[in-house]
Every structure is written in C-alpha cells, then in structure tokens.
C-alpha cells in the first residue's frame, strides 16, 4: 500500500492496556446506511485514489445477501452505492450467483481482486477483479462447494496466486479450519495445504469450534500478519472473536505465531446485540508505518473499527502464541 | 369493525421512509404489568364497547403459560386481569388444557372467538367464544396436535368458518407453513389447503425457516390483508420478523401478494433483548379507514405496536411481492 | 364381515406356545410380485365377493410409493394389478397426491373405505371409497399434515365416523401416539381425543418410541380388538413390533386392555433382513368365528401373515395388560 | 457462620414486592476486574477473618477457565488475585486438571473446602481444602466424569460428608438432575440418591430442562435452604434462572419445599446481555440472622448480588411449592 | 479359578489362522431358551461347584430387561431359571432398580460378586453378592448415573476393590472411555483414573466411537488380561467388536498392550442379524491353563462362544498394540 | 479399451426381465481374501496386459482403510497383493495420507490414473498414476476437503482433464451432489460445474439423499455412460443403490438421461447383510462391444459383479429418465 495513505486512526485511550482498542465512534457504518439495507457488516476496504474504496455486505430487507461498492475520503465516513455490484464476465462466462456475502478486497500487481462467499449450488469462493470499483469482472469460482472466507495474498508467492479459505459444509458449520491453495492463473487451483486448525478447548476456547481467515495478510519483516476469526459454541450459540497470526513469508502454510488470547471479543453493545449477537468478524486491515486499522462486522449488523500498532501486535503474538 | 373506533395511532416520524413504523412509547405493555407475570407478549386485541378488549399471554414466574382478559379505553393503556381466563364448557365438555399461549381474537357475526395454542397431548389449536370478555366458552380443539398459530377469518367464507394454522411438531419446530381449513360448525374441520410456504433462502431469507399467520385478516377491496411472522435460523437461534400477505377474498388459499422484504424486524432494544432475543411476533391488527395498528410480541417479553397506512402497505406488497 | 368367508388359516404348530404364530409359507407376497415393484408390504385386505380384495403398497424401482388393488380367492395367493389405483373425484375435486402408502381398507355400511398416508404438502391421511375395487373415489384428506396410520372403525360410533391416527412430523418421526377423531360426513373432522401413548421404557420397551394403529378394529363382545405397531429406537435404528389393544365399544378412546408383551416381533429372516431391517407392521386382520389372521409388512419388503384365536388373544391382553 | 459477620446488604426498594431483589449497584464484579480476565462470574464467597474471602471463576482472554482467590472487607468490593490458585497435593498425588470452573466454598469443622468442575478426562467434581486461602490442597475427584455443580453441606450428616451434584454428559448437556452422595473421608463416595428432578414443562417451565445445586445449603430451623439454578431451552438457547429448595435436616435427599416460580430470572441488562445471554447462576449465599445475600454469575460475564429475608423465602417456598 | 474346572473347549479349526475362533455350534444360548424371553445375550458365567453358574440378561417379550441365574455342567448347555433374580438387601436397604442388564460375575475372596447396569434415575452400576446363586444381596450402586459396563477385578489391588466402568450419558451414547475406581468396602468409591480411550479413526476405526470393559480380567504372568468391546459408528448404526488389553498387575490403570486389530468382529449370521445387527459383546471369560473361552452377546439376541490360547493372545497384543 | 479384452460375462438368467443382472457366483471377492483384511469392497478394475489389474479397498482388522493392487486373468478370480500400495512422489512431494479408500482406475493416453478418497486433514480426492501397477506416483490432491467419489474421464475434454466428484462434509454426510471440475495439468483444478443433484423424494426416492459418481464413464455414440450410486435415508440407516446416467460427450456437465428407477438395489443376501447392510456401490465398469460388467461393493464387505447390454441400458435410460 502506498505510504501516502492517510490512515484512519484514533490513539489508544488513556488507561487502556489492550493491544488493540475500539474506535470511540463505533459503529462507523450503521445497519440502515443505505435505503434497502437491513444490515451492513463483514465488509472490506482498500486505499484507492488518495482515499478509500470498499466492498460492503449489505443484506436487504428481504435478507438477501449482496455486495456493494462504496467510497470514502477518510476511511471512516462512507458513501455506499445503493445498488449492488453487477458483474461482467471475467475469465469465464459462468458467473452465476445465488447470493454474495462476506467480501474481501486485495490489490495484486495491477488490479483489485474481490473474493467473497458465492452461492453456486452451495457456498463457495467467488472471485472478481476491478480496476476502478465501477466495472467488476467475475471469474471462475476458486473451489467446489462448500467453502467460505476466501482471502487472497497481496502478491504472488513462488510465482503463483495464493488463497486462504475455510472448507466446510452447507449449514451453520460446527467445524472449520484454514487451508491455503495456489493457482498459476486465478482459474485453476491446487496445492492445497493445511495452515491452521481450531485450538483444543483447554488451550484457547474462543477458537475451539472453527476458525477462518479475516483480513488480507500484509507483509511485515517478520512475516505475513493476518487477522482471523475464531468461534466457540456456547450453550446460547456461536460467539465470534478476533485473533491474529503471523505466517512465514515464503511458505505461508507455516504459522510462526498465533494468538492464544483473542485480540478483540464481543463486549461493546453493538457487538453483543444485533441480528446475530456476540459477533466480531474482521474482514479488512489498513496499515501504514506501524499503525493498523481493522474493519470488522459486529453482531452481523454493523461495521466497527479497531486500532493497534504492528510491532505491539507482533510482540504480543510472540509472547502469547498458541 | 365499527367505524366509530378511536384508533390508537401515531403519525410516521419525520425522516422515516419505512412502510410501517414503531410506536415511540413502546413497549406498551411491560413484562411485569400484572403481579404474577414474568412476561406479557404475543397478545390480541379487538374493539369492544367503545374501547378495546384483549386476550393476553402472560407467562407467570413459574413460566406457566396462560391467557388473560384485559381492557383499555385507548388501545394503548391496558388493565389486564390478574387471574387467567377460566373456561366454561362450550360445544363440548372436553376442555382440557395443559397450557394456553399466543391467543388471537376475532369477531364473527355475534360473538368474539378466541383461538390459541392449547396443550392437549401436544400443542394444538384451542377455540373459545365470549360475548363480554367475562364468560368464555371453550369448544372442541380444531385439530389434532401438533399445531400452532390458528387464526380465524372474521366472516364465513362460502358459508363456512375458515382458519389459518401452522401444523408442525412437538418441539422448537424448524419447519412450518401456513394452511387453511374450513368448518361448517366450529366443531368439525376439513378441506385443508396449503396457502403459503417458506421462501427459498436466496429469495427472502427472513422467512426461509418457518412462517405462521399473525393477525386476524381484515377485508380490503383488494383482498384479505394479514400480517404474519417469518423465521430465519441464524447460528445464534431463531429470528422472527413480520411481513404481510394479501389473500383472495373468496378463495383465501390463493395468495395475491406477499411481502418479500419484511415490514418489521427486530431492531429496537426491546425486540433485540429479552427472554428470547430477536423476536417480532404480530398477533393482532386494528384498522379503521386507511390506518392500521399492529400489536406484536417483542423478544417474548413485552408487547409493542407499529403503525401504517393500508394503501401504502398494499402498494408495497404489489411492488415487492415474493 | 360375512360369516361365509373362508378364512385363510393354518393351525398352531406343535410345540408352539405363542399366542400368535407365523404362516409357515411366509412371505405370502414377495417383493417382486409385480413387474414394477421394488417391494410390496404394509398392505390391507378384506373379504370381497366370496373371496378377498386388497389394497397393496407397492414401491416401484424408482422407490415411488403408490397403492394397487389386488384380488385373491383364498387370501393367500394374490393377483395384484400392475397399475396403481387411479382416483376419481369423491366428495372433493382436490385429490392431489405426491405419494400414497400404507393403505388400510374398511367396510362401512355400503362401501369399502380406503385410508392411507397421502402426500399433500406433507404426509396426511387420504380417504377414498370404492364399491368394486375398480372405481375409487378420493375424498378430502382427513387432517392437516403431518399424520400417518389413519385407521377407520367399521361402523359409526354415536352416529359418526371414527378414525384412529398418529399425528407426528415430517421426517423419521421419533415420537407418536394414537388419537381418535370423529366426523359426521367423512369430510369435516373433530372431537380429537388421545387414546394410547407410548409406554415408559421400563414397562414395555418395544413400544416406548412411537405407536400407531394397524388393522381396522373388529368387534368382539368385550370391545374393539385392534392390532397396532410399537417402535423401539435401538442404537441401530427403529425396530417395529406388533401388539394388540381392546377398546371400549361405545367409547373407543378408552383402552380396556393393551398388550404389555408384544404379540409378534421381528425374528424370522424376512422380518430381520430387507430394505428396512427389523420391521413387523400390521395393516389388516381377517376374522371369523374365533379365528383371526393378520397381514403385516415385513422389513418394508414383503407381506407376511400370522394367526391366532380371538379368545386367547383377549385372555392374553387381560392377563398381560400394560 | 459467625454472627459477627457484617452482612453485605441493601434494603428492599420501595414499591418492590419481590421476595428477592437485586443490589442496585450490580454488577459487583466486572468482566475485566483483573488484567487477564475476559469474564468473572459463577464465583463463591465465605466469611473469613472478619471480612470475606472467595474463589472466583476468571476466564482469561484465551477463554481458559481457572479459579482465583480473592478478598474483601465488605463482601462487595473485592480484590482478586491476578494469578490462579496453584494446588498442592492433598489426600492424593493425582491433582490433574485440564480446567477449573464454577467453584463453591464451604466451611466444615476446621477448614474451607472448595469444590468445582474439574477437567479430568471430562468434567467432574474437584475438591480441595484451605485454611487460609493461600495454600490450597487438592484431593481426589469425588466422582467419575461427567459431573458438574458439586456442592458440599457445611456439616457432616449422620457422620459423613455429603455432596450434591448434577451428573450429566460431556457437552452442552440438555438434561440434568440433582443427586446427593456421601463419603466417610472425602476420598471415597457412595450412597448416591436422587434428590430433585427437572419439572414438567407445564408445571414450572423455567426449570424443565436441567437443574443444578447453587449455593452451599445453610441451616434453618425448618431445613437446609439452598439456592439452585434451573434451565429452560428456548428456541434461542438455554435460559438460566434461580430458585430455592428446603431440604430435610437429617435426610437431605428429601425435598420439603421447592420453588415453583423462580426467585430471580434474567431481566437486568447485565443478565440479558453478555458472553452467554440470559443467565442467572447462583454459587454462594451469605446469611446472618434473617438476612441472606446471594452471589450469582450473570450472563457468564459478571457477578451480581441479590438479597432477601430468610423467613420470607421459606414462607414463599411453602406457599409456592412445586 | 480352580484348576479342576473342565473348560468348555473346541480346537482351532483346520486352516484357520485367527487368534480366536468361534464355537462351531454357536449360538450356545438361543433367544427363546426360557419361556418369557425375547432375547438372551450379554451374560456372564463362572466356575461353580464343579460345573458352572451364570447370570444372564434375558429381555422378556415386553422388552423389559432383567437378570436371571442359570447353571451348567459343561459351560455350554445351560439351564436358566424362568424367574429373574430377586434381590435381598446387602449393605444397604436402598435396592431400587428400574431395570437390570449386561451382568458380569466375579469371585473375590469368599463370594461371587455381580455387577450390572442398574436403572436408578438413569443407568448406573449395580452391585450384588451371592454365595450360592440362590440368594443374592444387593449393595449400594457404585456410582452416580450415567454409567455402564462395570467390571470388577477378581482380587483386591493394594488392599482395595477395583472396578472398571464406562461413564457416559443417558441415551445411545456416542462416546465412552474406560476408567478405573477403587473402594475400601464395596460401598464408597473413589480414586477414579482414566485407563483407556477410544482410538483415533485412522489408527483403529473399530474402536473409535466408544469402548467398554467386557470380561472380568484374569491374571497372567504378564498382566491382567481383559476382553473389551469397541464401537464404530457406521452410516447404518453402531457396530460392536471385541478386542483385548493387558493391564499392569499392580497398577491396572496402566495399559501394557491393547489390540489394534479386533479379535472378533461381527461376521457370523447370528452376529450380523438380530434385534441389533452387527454386535459382538463379550461379558465373561473362562480360563484354565493356556486356554480361554469367551462368552459374548451376539446381535443383542443370543449368546456365542469363542476360544483362544492365552499365550497366543498375549503375543498378538504385543505384536499388534495400538 | 482394447477390443481384445476377454470380458468377464454371464448371460442373463432365464426368466429374468431386469436390465442388469447379478453374477450367479457373487461375491467374486470375499471379505477375508487376503490375510489382513476385514472386508474388501468398493474396488476398481481395468484391462491390463491381456488380463486385468485392479485397485482394491481392503480394510484391515484394525479397520484401517487402504488400497491394494491386484491382478486377474479373467476379471473374476483375483490375486490381491498382501501389502498396500506404497506411493512414490509424483507431481508433488506432499503425499500425505491418513487413509485411502474407494479407489477408481482410469486409463488416459499413456498411463493408468488412480483416484480415491484420501485423508488429508479431512477426506479429499487423492490422485496417482502408474504404468505397471507396481510403481505408483502420488500427485497433488485435486481439491480441498471435504470431498469423496472422485472419478476421472478416460480422455481429455476440450484439452483438459475432467473429474466428477461429490463435495460434502466430514462425517456421514446426509447430502451430496455430483459436480465436474477441469484441469490443464492434473495439478490445478477449476471450472467447477454442477452436474446432477439428488432427486425429489416423490420422484425417485432411492436417490433423494445423496448421489455420487461410481464407474469411470465410457464412451458410447450417444454420450458418456456412467454408473452412479444413490442413497435414501431410511429409519434404519442409509441404503445405497445403483443407477446410470448418460452425459453429453463434449459437455459432460449436461445430463442427457438419468435413471429414474435404480438398476440394482440391495436384494441379495451379501448386499443386505454385512458390515454396513443394504449397500450396492459401483466403482468400475468393463465394456467391450455391447456388453458391460459392473464391479460393485456389497454391504461394505465384499465385491460383486453385475452385467448388462449397453444398448439396453441406454434404451432404458431414455425411456425411464428422471
């Protein structure tokens, strides 16, 4: 990312000892921020033309899931299009989609790539690219169903595109681990490897039921830093929290460190209450210098932000690794 | 209903574009509004003697479910009896009931008919009538178990009583559609027809798990207008929202229009939090002229109201039909 | 039934102490006895024109479920039509059916009535009548879904038709009790009463999961004698056995005696092995004088017969009642 | 308990008719009250050296469950140790523990006994003793897995130690009753008896799914008074409420009275919202004279207090017994 | 056991390479071998007065589960009492039992001890003793529910009685491991230790779902030799097979060797077909010199026998240990 | 395949009208045909060096799943290696495998390709090639977990390898449809398309729960002919039957015809009884001229064969298509 980006940012509150902290004006995007929406959450942003662009999950009032483009000057105040993204044919004519949700956005080489959970005879990973956030070109789905949380790396690794994903099943999956796959061409995928698994209940219960990649990993000297979600199945339903992992630069299927404690878990009112209570679900991270800002869905209803310092996060991972 | 009824009403708030809007002083009935109650919700009202009468679901602090009569001058401030309704024998001596919940009230010809979920070797549809909301006469259960959400039409159709219901099973039913049945005499029922089914997940997810009739349908020039509930099964439990349907006047098993987006979904604090979070459950509607007021249970804890204009709702159904 | 009927019969084998015993040439109907069939089972027979007629469940090789008429001179050797029964409109034009299975046949006054599990937006009880087993007239479904095992009484009781049934849900129901309902006209049904429930596991485990009426009850001096099935849920699936009950003549919702031990349980090879192992499922009984012959489905694959003496069965019920 | 204890106390609010009422400054312990904690709840306190000591369940931010000692002068403001209790070997060298949660504390004769849910190849009842809340000596687990909610009596009964517990299974148990067991030596346990079972749904639905002992019973003239939790399984998860029971002094497996209505159910914001919404879970009671103060976990997140008068509670039980 | 015992025995068939082999005249006890029985299986035998005695699980035709004494001269041909064992009070007056099943018999010092699955507010381990197989004295249940497959050691270990068991839950348990517990007096039990767990699916799938002790362990120079059952959950239900384990003599919670391949799995017709298909369930072993004879329930319907040589079995365990 | 192949064959039995018929000497491979095996089933064969070679699923007596090479002169009598296939590195060094089962074999261009269900952090599709059935070279897994029943086409389609598969989940999957995927290089896969879905229950119940590709499709003038399995979930478990489909030659994601009735369903004793009762599971087909021989696993225990004429099968599909 360009160093000229003006990071959305708020300093750590006084008296706060947490590694990461919430934005005081959360949520930054409300559930009704476009006319048709029932909820706006689990959305992704990138620097774009001196400001920011993003792809947003806006469920409408029929609770149909779709993704929408949006723009912002400061990364905090957003104008989201009132109509969902219409896809043009990219590397395939087969661009069917029963629904689209949980987008991520990733700049690679010359364009922005969007990945999302695409409904094609079951949930799988949809892929599209855009140069301008106006025209979007949908490509072949990366995998067979059933898959969610497809997240690309921002550069090729050993000459190939790389994607994290969480294969699972066709319902409220009570299991799920993170795998990585490679592609020479964004069309055919292989070399599937296991990356991270759920934790034993005794060791780190917040991530004992399922885990999934969250933000596009960004490069640090020590490795790829990625925020992910972990889930515990309480007697009152799933609770989603956020952790981070540091993956080896050249072999990102190797986990160097991984947060044993969570970095953010549902505790603010907009995280505890909403369409699906007790959800913190990271989908994007902006970083410049030592600062990082994470965008996360809260309670499947709104979008919140959290901040931190990269070096502190990495230190935390090193000292608190699972 | 008599045109002399003084509708409970509040105009649409400024800046609100919603087809229906909440009463600003919701909830109108609190969980502890009678001494024994743990919660008061899913209740039904009708115009009565210049004011209003109603039948209320009040779960007591042993969480036993029963129905209580209540009265109001303005439809908003209610006096609910402290003792549950005691049933006299109507068209049968067999008036067993393990529990009573989710009442509806319907004026037909010369009396008020009450229907509710009656515990008789499983949940089924109980029926009673009253002339004065003092003496209630319990009749034969309409159906075999397992059934809930029995809602009568306010006049005979082709010479017979007509009732909507949602047959299902004996637990937290994960399926359920709306059927209609007919009776010549309120004792024997037949001519069962399918009316409305759940929606495919892709089309209208808020009503993809189960649906059930809500308010007694009322006649408009274009058809019977009825509010109903729809349910989606999230990873943190069932979420109940409200839609509306327009049924053909002479053949009410024919759905003319049906809301693809919901009209009201859990978003207010008293709907999101309570004994069962994320529930909006309509059980009654008052209408005079072009106005309609809906009474709905919120979070299985309290009663709320929402308002709208009949013509706008019908237009909305026509333009947003599933 | 006419006393002139020539009962299909085989005497109790030497050394056998059982109250009821299997026909030595079981199964009497094989799975492939008509060209299209995958299995023939759960079928019902009655005396007819000096011989016998029946309605048979023949699942075809697409495993579609349908009912077929058949004829026999001796009640043992059967000619089953190769085409399923085509229904004409009886007391309704609405004779939809997604599938038909588990028929029973009952003579009342002037005609034969067929009941079966009828697929109409879920399983419910279909009704038809015939005078000649050639033309069949389908009537209104008796109940809302979800229901199975509808069995009529062979005469009106207190001036009304009476039917036993087992309301349940839309899958492999793990619960189910027997209820009775009444109708003045075979079109509208009411006065639903609980008749028999599953047994506690400790008392009679073979009938602790679900029970359902089997054969059309026949009149004895002491009451209506009916064979029914009971189910236990083992760690390898449901096991269906056969018992009997004696119901009060004028108030058949009152159970006088009911078998605590089963009368027949899966033990013969054709009962233990087949499409659904470990199933004995009675659907009809012929009786003349003191003899009774029961027709039962075995392993959801073939039809078997068992015999007994009415007085012995009643004595057994009296001495071994639950 | 010593009569010199200065009870934590707040008088019944004006206009309140409830038998027990919440402390107005609840929660008394917040989720982040020690640096490592994600939540502090389901904890137990006793009088100690003129003030109070306690054992607290503090889940850390890896959501690992452990127990911590803490101290207070007034029973309301607490200093909880930042490190969990380290166990020394008591009557056994085998003091394994995968996790520890839901502690209770009980003074018997010469020392304080701690019981908790101990992870040893499944959840079972851990036992330890301390004289000073500094050194803790872990003993043999009382039972085989799977067990939770082990609660000791504060004196020997017929010469033996007595413990209530709730045997169940290894997940989010959907069933559970209270049993009592005896031991001559705190090492070997036997004479297991059933004490209390869940209530039928129709009679007292808040305790129809599972029940478990809460506070250490304390002696009254009329019997052992114990607060317990009951659970109902709503369509949105388990809801935990609090009741009380009076057990016979010499034969505590005999229940004299038991609350049919609950005494406290989730209604305050900190009970309705949190890591596990809708939980009130009592773990300790202080009593002197006629006053009683109950400590309870709220929403699996914080600790609250409720107060009442012993005679009123006993009267309530007598007049409202299940 | 006395060396004078005349072992029931049959040599290994020619061409058979199996470590253990079936008796050629299996089953040795048929399902109807006493008049009331539906099935006789999962039963235990011991040498007795120059011949053999046993305790047999005979489910009657109401499928009530109970245990019966029986006698044999050769261990193969059995006379089983027609009436179940009536218990006298042993070390307690509390000898309630809703049902009794799956008995084991064990000689310790001066008497025969019977253990079984006893219905007392859930399944737990019943204990009784007899001197003569005529008078039986029931003792305190060993554990709280929910437990099955309690198997005693034939001598005290370190001065205490020792029992293996499989704690689990109240249904068709899909999990279960073997634990050991100790008692100074056959009344109070403690020192519970984990002994053996299910195998990972990849390593030994026949024992990947649950395991339970089978026969009373008998002493060899190398350790306690015990036959146990293991279960795999196929898509058509549970399949029970038999393995063996060698436990350390002085510390029997230490497993020296344990069979990775099964020793006997359902393959004979009477094991593959019956009330519960695909069950081999060992409950007793006789051994003298180098020979061992195992009694096992087959298909929850009959009793079979299998033979082997102790040294070969131990060699097999050593060479094929999990 | 070479026209010189000597087909294993047996003419249709007299009196048989079935489209396909069983070999009279079934099973052709028994469960204990190699010393270590518990069962041999779901195996695949091809013509090889004038005779036949195959890859066999042999579960050993620890019920570990692995694949073994075998050879035959006549396709009926087989010599199976006693040791499982050891894989060498093919197009990857990553040849991990927790287990291997359900192999298929397919000749493409210059070598034999093996596909199977490979355990790599869940079940997925393993790929290997061999020239001689001695040295096998394992390649990259085709897909992410969770997948089974990967079946290659015997030639490239539009220049790419093509594979059918059935993505699903990690247990006894109660759902599953057939998809097709393409690869330029047997390493990276994409262009995933839906091919065939389960049938509605009413239309063809034997294939209403899940379906999966069986044999390698072979070319006919009218299209690719493939045998597949379909599953119905009975109340006693899954029942697997065999059907066939004809796929378009150039666009095999287009189904031309598909059998509505099954072609073979469990009815022979070795199909009805075994480790998993009621399973017919085709994995290979040999065809020369108009004859076809299908190899299928029976009851997850043995291997059977069935025969038919290609033209008759295709006619049957045309006349009985779903």
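A, B, C, D, E and F are the chain letters, set down in written order, and residue numbers restart from 1 in every chain.
Convention: a residue touches a chain if its C-beta (ideal position, glycine included) is under 8 Å from a C-beta of that chain, and two chains touch if they have at least 3 such contacts.
These numbers were taken from a predicted model, which means no experiment stands behind them.
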{"item": "Steps needed, at fewest, to go from chain D to chain E via touching chains", "value": "1"}
{"item": "Joint neighbours of chain C and chain B, given as chain labels", "value": "none"}
{"item": "Of all other chains, the one whose Cα centre sits farthest from chain C", "value": "A"}
{"item": "Same or different residue numbers at the chain A/chain B copy interface, by half rule", "value": "different"}
{"item": "Chain B-chain F separation of Cα centroids, rounded to whole Å", "value": "54"}
{"item": "Gap in Å, rounded to a whole number, between the CA centres of chain F and chain C", "value": "41"}
{"item": "Of all residues in chain C, the ones touching two or more other chains", "value": "236-237, 273, 277-278"}
{"item": "Arrangement of touching chains [line / ring / star / complete / other]", "value": "other"}
{"item": "Full enumeration of touching chain pairs", "value": "A-B, A-D, A-F, B-C, B-D, C-E, C-F, D-E, E-F"}
{"item": "Sites on chain C touched by chain E in the complex", "value": "17, 201-206, 232-237, 239, 260-262, 265-267, 269, 272-273, 277-278, 320, 322"}
{"item": "Chain C to chain F touching residues, read off their complex", "value": "31, 35, 38, 59-65, 98-99, 119, 172, 236-238, 273-278, 300"}
{"item": "Residues of chain B touching chain C in the complex", "value": "92, 94, 120-122, 124, 140-147, 165, 167-170, 173, 175, 177, 179, 181-185, 187-194, 197"}
